[in-house]
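Down below are the structures I want you to see.
The following pair of complexes shares a single chain, subunit A, combined with subunit B in the former and subunit C in the latter.
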Partner chain A sequence: MSGTSPQLDTTALGVTVPGPPEGAVSRRTLDPRTAVAILLAASITIMAPGGLLFVPAALVAGMLLAIAERAWRRVLALPLAAATAAAVAYLLPLAAPWPVLGIVGVMGGFSLRLVAVAGIAAHLIETMPPTRFTAALRSMRVPHAFTVSGSVLLRFVPTILAEARAVRDAMRLRGLGGWLDMLRHPVRSIEYFTVPLIASSLRSAEDLSASALLRGLGSQPHPTSMHPPRFGPADVVAVIVVAALVTATLLWEAGR
Partner chain B sequence: MIELKNVRWAYQEGDTAVIDGLDLRIRRGETVVVCGPSGSGKSSALRLMNGLIPHFHDGKLEGEVRVAGEPITDLAQVGRVTGTVLQHPRRQFFTDTIDTELAFALENFGTPPERIRERVREVVAEFRLGELDGRLRELSGGQQQRVACAAAVTHGPPTLLLDEPTSNLSPQGIADLTAVLRHLRERGTTLVIAEHRLHYLRELADRIVVMQDGRVAKEWSRDEFPRLTEEMMREEGLRSLDAPKRIHVAPASGHGPSVQPAKTRPEDTESTGEAGGATAVAPAAGREAAGGGVVLRGIRCAFRGRPVLDITEAHLPAGVITAVTGPNGAGKTTLARVLAGLQRHSGEVLLDGRTMSRSRRQRETAIVMQDVQRQLFTDSVTAELRLGAVPEQAGHAATVLADLDLDRFDERHPLSLSGGQQQRLVVATARLSGRRVVIFDEPSSGVDRRHLQSMTRTMRDVAEGGAVVLLISHDADLLALAADRELRLRPIR
Partner chain C sequence: MTVEVTDHRIDLRMSPRDLINIGVFGALYIVTVGLFNLLEFISPVMTLVTSGLSIVAAGVPFMLFLTRVRHAGMVTVLAVIVTGFMLLIGSPPVTLLVGVLGALIAEALLYMGRYRSRQLSVLAYAAFSTWFVGLFLPMFYARDEFLSSPYMAEMDPDYVEKLDSLLSPGVLIAFDLSTVVFGLIGGVLGLRLLDKHFRKAGLV
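For the complex of A and B:
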């Protein structure tokens, strides 16, 4: 086959399992613009004064998104985390009315709001490849400087987390990671952690940016997209569900 | 196609020129291998060709560099006429799926969407990427490099530059990459490959260029290859041009679903597997347990419910170097993490007959990781050696440094050393740590022939000091030099 056919001869490769090629963007996923809009709306309403009212709606939205994504673990974890935070916020001060627990209770209230927003944010981070995210931002006329750095950031967060775990392992093996050590020499411990973390992250960043720049990242004022963002049935469903959740919340509030 | 004329280059942070008087012409459609010992400037030569020097790295450039007849004005311009593949397949991916990765360059260069989709379909078919399943980070190293090559040529550059593309690959991964390179060569792509490992390029290369001190020291054309002897390669500090022979090392005693039985190879029938493994193992385990070392019993590990490592019993004796080999996904790194106490598992680990808790193992183990920057904590080579060295070993510091070619650098900041030097520094700290278990995880990626030998000597010293030494490696050259025993792992089905 080699020589005459334009195809790579994979008989030497030891991989023969045929499978479908990585397909186009699934119809089930939201358009990035819809996801970003829902996230923004949820963060603003929930973090605003009186936003606690919308926490249940946001939680349901987060769980529905997790179901759509088949992230079963998150479907369960979201209500559990929210219930824990709510218990700390409302039940704990009732059970033992001490001032210290009052502070803990307030923090519980904040965590509850955070959990509600995090459920929606997690969906965005899990399902949005950096290039699609950039394409969406571009179509919203977000300036170039933000789209390029935003997509690099989105690409790089998981790398830094992986590096941090590896550095922590290396510290434990050198006997540098113990709690006692950390308390006795806090500054030195931070140094031992951050110096290798920055060094190894920089090294990965160097490869990534070299490879991205050579493939033209940021070189054109008008880059294109293989699948230009387009609203689809999933977005219509999402908007209807969100509207229903908001209406239900307002009706419930009016009925009280 | 590519022309370098009397080029001189010094990195801003370095005081000496890495490239000094380099003259090199590469013709259209030619396959050229650039080799030479560590620090000879082969990676820098490649960076001159893709413009990373001087448009990405800072320093002082003299002389003339032309690619496709033009001087290089910026990275995107040279990026249109060259594709680049780097050492670490995973680090250079910008996205997480094959099609988006292939589309990346075309999108950035502003190609119309329908043309991108058409071209991505063509490349998927051409490189048979349809048969790869799943996310990029879940592919094997060889498959990832295949995608990296495809992504580098999707926008149709006539030249592909590869910087040590096999240093993280298994023998199967190298075979995979070789097929891709042969295909590219046949369709007329100009290939420039900077490499330590030469055997896989013997049939592909039109020319081998040997660099020394930043310039071309020797050139061999294709018809001269048959006359190149092992002796000549050694003289130049180069690795062998012949494929490394399959090493015959005594098998380490061990059995279980993760352990490849010693007497059968994958091509043999499955039914003889269990029996062969069991008979080879049983008597040896009893005899060696008395000599000290690590015994693993009923070790099982799973990630998200998927079993990755399952060893019923294995013995890693003290005083010898045990190589842990096997394909990607066989659980080699997981085994290292279990031994070091970094990984939760069921079963027990015994050292010299006594059960060791995970925290105890963390105190008794040293690892030389693949990415060594993660384990350099202090601000000088001396301080790095002092951190965690035991007093009785501290006296050997000078000898170890000299042996690893690091004695001139004792006051340098570890992060200012080259990659190879950093790696040897971590090896030195492991040597001085006095730990009972020392694990080397792929210590030879990007290492030339001479340092392969000093690395082996250090491992040998550690073993002779009575430690259990584990060597995780794909590198047949290193395994042939260093391995006393081989524990071959296989993926669990």
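For the complex of A and C:
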């Protein structure tokens, strides 16, 4: 794929197009399967009992992924968020020893784990177009009931978010909505929000599903892919780095 | 998918239209849950309130989804893709297991009602909603580790004891049971709105 990208990067006028075109795969991007494996490994170890041990390794992995992706804001935001969560968990109880705040402390400890996993998840969300992701799921032999419905889900979430924005604007125009209103009349706000959201989303769903059925979605158990997922040098590097991080964590734990 | 047509007529065959319906309603469900959970950013203490609110709100798309379910397997597939999506955005992996278990119970309830019973569909939504428990299950160990951490050892033992009682497993289990209660409320609300709006509009 990388061989054809120079032609795609410049237009006929010689103007450089900012960013790679949709669907193009750069050599620095991980294969979706590697990214998912790293995410699952991090989330299984961190969310298990005693998983706090792996939080630093996951944070480093998340930061390295952000650097590889050149998402500089995340490179800074990730350690900041983790430090805030750790401070809430460990410094707040020292500063103000009230049991009620202790609950906030325990939640801070939980958020620390969430932040560590979310750093890796953010990379997956930012770099994986839904089509590449479902192609990878198919090559992992995930049953087609899950890949077809899953790809429809990923296709629809942005559409529904756009509808939700429209519904919220319409509610504001009529002086409804607002957080306080929602808490005062929860059931009424649920009705005012979900009913138009569902009605308008289903209308666009009709069109999209007719078009998808016409193009044969779900009729062929093994659709082929324009860019079949392939493991590349980036995946090898990622696996080596993760292995190094795990070894370092285990050695550090053994040395304590 | 395996095709299984027995005397009890448990038919797992999915037509492409079924799969598209699952995907569409999965997306509606996730967006509803996500948007009502945004309130959480007001303060983390709101977490319990917002998960309750989002369980109730997501009852509306779920009950509408059930009107399009005619056979076994659809609720389970919905649970897998919804919790799988949650996994991708960083939720604990237990969520997937809890979600599938809840969905299987929901399937059994729906099957008992021949996919048409209104009462059983409300119960099915309550069973489905238990996947929220998975999001908070790690709180159990987070609590143990936190209370036994070296930082807590330096604290006043009285304080640790009070915190222990405030966050006792009993309290956490009560929260887990509350998802079922919110699920029942959401199911009833969903049915009411179905009658009030969607049936008239011909969407059911």
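The working rule: the second predicted complex is superposed on the first by the 227 of 256 C-alpha atoms of A that agree within 3 Å, B and C clash if a C-alpha of one lies under 4 Å from a C-alpha of the other, contacts with A are read in each partner's own complex, and residues count from 1 in each chain.
Everything that follows uses one rule, which is that a residue touches a chain if its C-beta (ideal position, glycine included) is under 8 Å from a C-beta of that chain, and two chains touch if they have at least 3 such contacts.
Because the structure is predicted, anything quoted here is derived from the model rather than measured.
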item	value
Touching partner for A:Leu217 - first (subunit B), second (subunit C), both, neither	both
First (subunit B), second (subunit C), both or neither touched by A:Ser200	first
Partner chain in contact with A:Arg174 - subunit B first, subunit C second, else both or neither	first
Which of subunit B and subunit C A:Leu52 touches, first, second, both or neither	second
Which superposed partner A:Ile160 touches (first subunit B, second subunit C, both, neither)	second
Partner chain in contact with A:Thr247 - subunit B first, subunit C second, else both or neither	neither
Residues of subunit A that lie at the interface with subunit B and also at the interface with subunit C	155, 159, 191, 195, 197, 199, 209, 212-213, 217-219
Contact set on subunit B toward subunit A in their complex	50-52, 56, 74-76, 78-80, 82-84, 86-88, 91-100, 103-113, 116-117, 120-121, 124-133, 142-143, 146, 151-152, 155, 172, 175-176, 178-180, 182-183, 186-187, 337, 340, 342, 362-363, 365-367, 369, 371, 373-377, 387-388, 415
Partner subunit A, residues of subunit C touching it in the complex	1, 14-17, 19-24, 26-28, 30-32, 35-36, 39, 42, 44-45, 47, 49, 53, 56-57, 60-61, 64, 73, 77-78, 80-82, 84-85, 87-94, 138-139, 141-146, 149, 151-152, 154-156, 159, 162-163, 166-167, 189, 193, 197-198, 201, 203
Partner subunit C, residues of subunit A touching it in the complex	36, 39-40, 43-44, 47-52, 89-90, 93-94, 97, 99-100, 102-107, 109-111, 113-114, 117-118, 120-121, 124-125, 143-146, 148-157, 159-161, 164, 179, 182-183, 186-187, 190-191, 193-195, 197-199, 201-202, 205, 209, 212-213, 217-219
Residue ranges of subunit A in contact with subunit B within the complex	2-3, 6-10, 12-24, 129-132, 135, 155, 159, 163, 166-167, 169-176, 191-192, 195-197, 199-200, 203-204, 207-220, 222-228
